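Each chain gets a letter, A, B, C and D, in the order it is written, and its residues are counted from 1.
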Amino acid sequence: MMLPLLVVLSLLNGCAEKEKFIVYGSPQNESEVEALINEEDYVDRSTVIQYDGSMLVAVQIKPWEKWKKTKLEKKLQKKFEEKYPNKDVFVSADYKIFYEANKIKKDQIEDNKLSDKITELIELAKEET
Amino acid sequence: MVIIFQSKPSLLAGGVVAGPLENRSIFSQYFDSVYDDERWQMKTNEQGHRKMIEEACEFAMKKIGVQNGDIDFMMGGDLVNQMTPTNFAARDLEIPFIGLFSACATSMSSVIVACLLTELGAANFSLAGASSQHNAIERQFRYPINYGAQKPQTAQWTVTAAGYALIGKHREEFPSIEAATIGKSVDYGMDDPFHMGAAMAPAAFQTIQSHLQQRNQKIYHYDLILTGDLGQLGLKLLKGMLVENGVKNEELTLIRDAGAEFYGQDEAFQSGASGAGCSAAVFFSYVLQQMRAGSYKRVLLVATGALLSPLSYQQGETIPCTAHAIEITMK
Amino acid sequence: MVMTFVFAFIVGGIICVIGQLLMDIGNLTPGHTLSTLVVLGAILDGMGLYEPLINFAGAGATVPITSFGNSLTHGAMAEAEKHGLVGVLTGMFEVTSSGISAAIIFGFIGALIFKPKGNID
Amino acid sequence: MEKEQYQQLEQNVTPKPPYLKNVAKAFLVGGLICAIGQAVSLFYIIFFNFTEATAGNPTVATMVFFAMILTGLGLYKKIGQFAGAGSAVPVTGFGNAVISAAIEHRSEGLVLGVGGNLFKLAGSVVLFGVVSAFFVALFKYILVTIGVVSW
């Protein structure tokens, strides 16, 4: 019973041991975004994907803060919207979004597909059931 | 009330058939047949239950060399709603039949009625007994078989077994029934269906007390007093009540319980065995064979029954219990 | 992510311990215990406390039966927010009924392929 | 012997449930089932298009599927005897209640047996879940309407 569980765990660790903050897409504001997230100490890890006018901020919240996930998500969303009023920002603390964002970065998806992929993820994150 | 049988009807033979799990019983060597399939290769548990009864009756008849047609009456019962397994077995056996329900005390109440018919001269041979089939009983009284509810240590395991005795006119070489006591329905306010031993112990106590009193006997006048299915805790309680009533400790070793001993010390069965088939199987195999072998000369058999239904329990009623006893002697 | 497993284990374990105490000390049958826990889940969701618990413990909060009360209440409240009073009635199974539907489907399939067996070990 | 006296004796003789042991077993097994549930939901998140918020449904269904296999093989009742609430409280216990009743009543046919008895154990959970959800939501609706709290 425990064996498959361990396999999944190690698989997870494999993709988790990356840099803490990742920004992918448009490198021009990389350090700015990183600093912005760095201010929020409840964020464990994050991956930000940018394309044209849209920006997907995928974060993982520290385990002990996770119960406030919904609130923190909203807080971060507001912060980014204020900072980048002309960008279409979407913040998600969901693991699925974070996982997919990392995959986008790893696979170096081409620009023309990136936009679709981001829209797809945002749609997914908005689903309730 | 004690009944004295002047003609001393004899227990000519016993037929006991049990299920696969009963292979583990310390009494299994005395059973006539232990079946591998709990359904006797039938489609439903209830049909298997019926088949088991028929086979037990056939074993009993075969031992004395009589046939269905020679049997005048059949008395018996089980725990399934309206006792269909026994009713249907009687249909197939084609023997005049009265179904009796005293829960797990049916093994004794049926023998008592059969003895009365024999005493009356109405019967040359009659069959009496009781049975229970684990799956069929559990689903009715408790939960579906595969439901994962935790049973407390006080719970007992319903046995899969049928025990039927062939009763006839007195014969020297067979154990004979001298007297019987029909018990009252006793209710000491117990209401836990997973603690039947505690509910039944007072009934056993009252029946034993009144039998001994009216027969003017003491416990040590018997080689064995064997109760039906009190289980380990119920037996402890019965002994506790007897001690309270001035019975000496050394006499207590004469009191045993079939349910407490049935599965040995296996903790998987919690407090021991129960079910109408428990007392019937042990009384009509082990006890009869030991008496014929001369190990016991005088025995008091006390079968106890908890007279509850799932309905009465759900409606919050307490559990009234009864106990019927027969006194058997062997020359 | 590893911590989520730890929290799932602990929170799920604690909910089961509450159930065990209801059974052993409260002397409740399994049916009574589960019903009590479902009501508890519904009330916690009404107070807005169950969702944080799910965020915190993941399956530790969604797998115990308390989540059933939570999701029913969640559906009812979400619909009530949108459609008013009628939503309380109609929204009940809106959010989730996967536990019930799975149990019905697998119950039916189970009945077709398995037979009850009175084994003990 | 009087009734009260007997009840006293019964209290003395009857062993108390081993509270600590039972609680420990319930915690371990219940926790383990939830951890397995977490692994299942992670599986759905990684390999399918489910988010943390939506993975709950397929997870629950999968756990009930596991419960069917274990119930059918007669293993769930053994886990239940060991773990008590540890295996009854997770949704697998709900599945076990439904599935065991379905298997049990197969002999009375699919309509009267399985259909009529499917929820004979788990029905109370559905009933109290729905009724309590109704009243909780109604209560909250009233509170929102009179302006005490907001959704």
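Before moving on, here are some points about what is shown:
Just so we're on the same page, a contact is a pair of C-beta atoms (placed from the backbone, for glycine too) under 8 Å apart; a residue touches a chain by one contact, two chains touch by 3 or more.
Everything quoted here is computed from the prediction, not taken from an experiment.
The chain with its Cα centre farthest from the Cα centre of subunit B is A.
Here B-D and A-D were compared by C-beta pairs in contact; the pair with more is B-D. With centres computed from Cα atoms alone, the innermost chain of the structure is D. Centroids of subunit A and subunit D (each the mean of its C-alpha atoms) stand 35 Å apart. Subunit A and subunit B have Cα centroids lying 71 Å from one another. Centroids built from CA atoms put subunit C at 44 Å from subunit B.
Contact with two or more other chains is made by residues 17, 22, 32, 35-36, 39, 42, 52, 57, 71-72, 74, 78, 83-85, 88, 93, 97, 99-101, 103-105, 121 of subunit D. For subunit B, residues that reach two or more other chains under the stated contact definition are 45, 139, 144-146, 149-150.
Shared interface positions of subunit A, i.e. residues touching 2 or more other chains, are given as 5, 12, 95, 128-129.
Annotation, chain-chain contacts: A-C, A-D, B-C, B-D, C-D (touch as defined at the top).
Within the complex formed with subunit C, the subunit B residues making contact are 19, 21, 38, 45, 134-135, 138-139, 144-146, 149-150, 157, 160, 268-269.
Considering their complex, residues 1, 4-5, 8, 12, 94-97, 99, 124-125, 127-129 of subunit A touch subunit D. Touching subunit B in their complex are the following residues of subunit C: 23, 29-30, 114, 116-121.
Those residues of subunit C that touch subunit A in the complex are listed here as 1-5, 7, 51-53, 55-56, 78, 94-96.
Those residues of subunit B that touch subunit D in the complex are listed here as 43-46, 139, 143-154, 188-190, 195, 198, 202, 205, 233, 236-237, 240-241, 244-245.
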